[in-house]
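Next, two complexes with subunit A in common: one pairs it with subunit B, the other with subunit C.
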Partner chain A sequence: MPEKTLINSHSRKTSVFLTALMAFLLAFLILGGNRDNPRMMAAGAVYLVFLTVITYLIFRTGMVGKYRSIFFATYAVGFSLSFIPMLIETRGSMFLSGEEILSLSAPLCHLTLPMIAIPAVVYGFLIFPTKLFSEMGFFPMLYLWLGATLFLGRGWCSWGCFYGGVDEFFSKLLPKKIVSSKNFNYTLRFFPYAFLLVIVLWAFIALEPVYCTWFCPFKAITEFIKPTNWLMWVQTGIFVSIFLGLVVVLPLLMKRRTQCGLFCPFGAFQAVIGQVNPYRVKIDGEKCTKCNTCVQQCPTFSLTEEAVSKGKSCISCTRCGKCMDVCPRGAIQYSLIGVPLRNSEKGGGFFGEVFRPDTLFIFGALLFGGVLSSGMVSTSLLRITNLAVNGSFLLK
Partner chain B sequence: MIEILPRALFLGLSTGIFCLGTCAPVMAPFMLSEERSAYSEKVKPFLLFTAGRFLAYVLIGALAGWTGGLAGNALTRNLAGISLLLLAMLMVIYGLTTGFPQLRFCRMISPYLGRIRAPFAAGILMGVNLCPPFLIAAADVFVMGSAFNGAAFFMVFFAATTVFLVPFIFLGYLSYLPAVRAVGRLSSLIVGAIYFFIGLNSLAS
Partner chain C sequence: MADIKGIFRRLGVKFMYLLALTLVFLVPVFYMMFKSGIIETIGKKIPIKEGTFVEADGEIKIKRPESR
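Coming up: the complex of A and B.
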């Protein structure tokens, strides 16, 4: 337990209740789908224990940022360890072949949604080579995004996005930051919005998913077209450089999620659309001493001195909880629109704690992220076991 | 001559959505980047850009009608490549001077940029670019054999395609938000970088 009581901490009784409820729901949702596959069920059970422990620690200690970070990085590692070997099993490499493009078999990811929307409305077709109803096609991803937007808003970027955890993972590897962000030019945090504007218009002109073709750094851990001419080598060089620079090196040096905060156009899109979600991060002006510790620590550059003085985070806030962990006065908290801020960490009794805005948000977000990540992390556990036993990540 | 004008009108109206897509990345930064209070000031970048585009269309139309072609593929491709490179430089300089005016380079270049009216220059450079609707219109003009007819055709074509750009006037109203202005300035830099690459690629190929 930390020395100070944090604003998001709960009593032992409430924490046990919330953890038990989470374990029950996750068991139903994770294990229920794997009844005919004992190995996946066993792996799912291991992950269920992990999620249960994380849930208890978050609620009991109130260290949302710290324990969410462990969950989120595990999710990202699990995604990478399950997706890349899956590609190698099914197509022999990470390269996306011409046949798959022609047969509309490329898996769609959420990052493409802002680009394909306008051409889909104007011309009535998708500019991404995927099917409408296949498992990793357009409609499943659209529904996932809609659900995430309603449940999490931009919280998706810290609780549900399988790419965001990669940034998070690297930003946690070193104990101390090497590059200070004291002189950081906060104008740069508008870059993702500008980039979003440009790629949406460019995709509309070019009728191709230009972000995927040219920039997406996460092609480095998913799939990409094999470079066969100089232009494709340029494209490969660009996305590899962005991956190494913004996803690996800068997060390591600055201990911030630079790709998510300063580059990702989907994050900008989600920040705007995510305003439909009723949860916010607010700062209690009476408690806040303007020490700006939160400004210095916010992983996605979503807190500025101006925002602190206004008593709220910027719309790019991913609800990661880090600011609440580091605030020495417990002045920052999750809130619901129209609900007044809480004055103290304690109070309200069992029901008061269960129905607090922070409890509702964290519970919903962890449940969403837990269910979404379960297949990927469970498969990665099987692959790690297979590596230990048979010497290969591949299951087939 | 009169019979060619409805053709120009319908061609413009049917392909104008492409013009919107092509011009939007250049126009949006100009509309968003600077705070303007009066209505006339808000519309100014739109009018300047449109005037530049008009001038380029009339000149190209007259030239194409007169010569009966776009003076050979290599020349037109090079012209497009060079205009894109110039446009890219203009966008980058505009983005830097509006977004980072404290830089020494920006303090030096700002007076010159104001003198050439950046949206007007961008309109001209954008106007001579060979976007698909432009090429279709130019193909029509080749067979006319008259500079006047070519210019008239492109004037009507210009008017029809401009209808699609009118909504951009309303973007000017968003520029009162500092965040939107920052987005406009940064998007100018991004567009500049992208057009620079496309221009180089066009010249290299």
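Coming up: the complex of A and C.
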């Protein structure tokens, strides 16, 4: 086998420069926002150090998939450790009660956006019980989504989504696959698109956020309505089963992100709308030997033999970088639409490295994800410290 | 002809790099604007209202448009 070329690696000088710039911007955005809260500032500083180390490792080694994954899983764990105790502090439990719904206090997440869009346009109101401008309300989430789409496209699902890191976390726990995906039926990756269509139409007809009511597996780590009748017990059974099956067990056994690759309708939505983002993942046909290592390893089933022969990943690609880590020929790279693929044998010097498509994408994506995750991870750090000192996750 | 195509291709490549660079610069701007109140300013101009929910038979339902 030829020696592996790490296509995304940078010289030490460029890596130090990019890391210093990232640390400066993150410090400005993360610490600057917490000036009046010294405890959050201290926790933010710890997270800043973590992000700085991750930045250096990504740029220097070129192992984007590996080190991004550490960041992304940390983000998801931080989200869970901060969100559930926050609910317990504010309402006493994870349950979403009628009171919260009537007072529009349910936090909205991006997964609801495709469902609530058509009723909002047609009838002019939200079918989800949230406020328009509260911290986790409709307009802040819409703004966040617009930014994510512009900056990351479907890269949102590997650099920004606070749920995506959960199945990524479980997919990393075991050292080896237990279930091989050699005979995997790749037609299954079209399911999220069909599912998206169904829930958008169903939500419009029923005027109800049906994905949240029936399917969302992440209710298991956020909030859900306490079941009081048989129908609610069925709904609870469904989302808990999807969580256990697609977010925990299958990622563990297959080492793939089965929820994100084969189920999430928002992922499908983002794959289509995210085409406005100018980055793509392309395969250099001259270098590729069709060994299909990347096909076997892509966490979201976004590479097929057909896609490899066409020289590009499928639209579901989350720009995670894993295929680039594992390609023994360095044939896969981040590219910009209309820009010829880069010849990795050429060094390019300092400016050549800084202005590479992979550098620009990774820098923007990590900056976006780093700031977005900072509040949740910092709060979870405070909670862990509180647990160690006072024996409780709760801060109030 | 080939020359003109070449010029356009090179211009296209330059434009894409400029776009990519702009996107990177926009990330911090995006977060700074988040806290600046721009969301409320623009959001208030968009004709969307919060939903009204009712408790019917113990279940919480949106008040449908025809019953408004």
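As a working rule, the second predicted complex is superposed on the first by the 389 of 396 C-alpha atoms of A that agree within 3 Å, B and C clash if a C-alpha of one lies under 4 Å from a C-alpha of the other, contacts with A are read in each partner's own complex, and residues count from 1 in each chain.
Here, contacts are C-beta pairs under 8 Å (C-beta built on N, C-alpha and C of every residue); 3 or more make two chains touch, one makes a residue touch a chain.
Quick caveat, the model's predicted, so the values are computed rather than measured.
By the touch criterion stated above, A:Ile205 is placed in contact with subunit B alone, subunit C being left untouched. Of the two partner chains placed by superposition, only subunit C is touched by A:Ile337; subunit B is not.
In the superposition on chain A, no contact is made by A:Gly92 with either subunit B or subunit C. In the superposition on chain A, contact of A:Leu197 is made with subunit B only, not with subunit C. Subunit A is touched at more residues by one of its partners, and among subunit B and subunit C that partner is C.
Look at A:Phe368: by the touch rule set out above, it reaches subunit C but stays clear of subunit B.
Once the two complexes are laid over each other on the shared chain, residue contacts for A:Pro38 go to neither subunit B nor subunit C. On subunit A, the surface touched by subunit B in one complex and the surface touched by subunit C in the other have no residue in common.
Chain contact summary for the complex, subunit C toward subunit A: residues 9, 12-13, 16-17, 19-21, 23-24, 26-28, 30-32, 34-35, 39-40, 42-43, 47-53, 55, 58, 60-62, 64-65.
On subunit A, the positions that touch subunit B within their shared complex are 122, 187-188, 190-191, 193-195, 197-198, 201-202, 204-205, 231. If you check the complex, the residues on subunit B that touch subunit A are 17-18, 21-22, 24-25, 28, 99-100, 179, 182-187, 189-191, 194, 201. Residues 25, 28-29, 33, 98, 101-102, 104, 120, 123-133, 138-140, 143-144, 147, 150-151, 207-208, 228-229, 278-279, 336-340, 355, 357, 360-361, 363-364, 367-368, 371 of subunit A are the ones that touch subunit C when the two sit in their complex.
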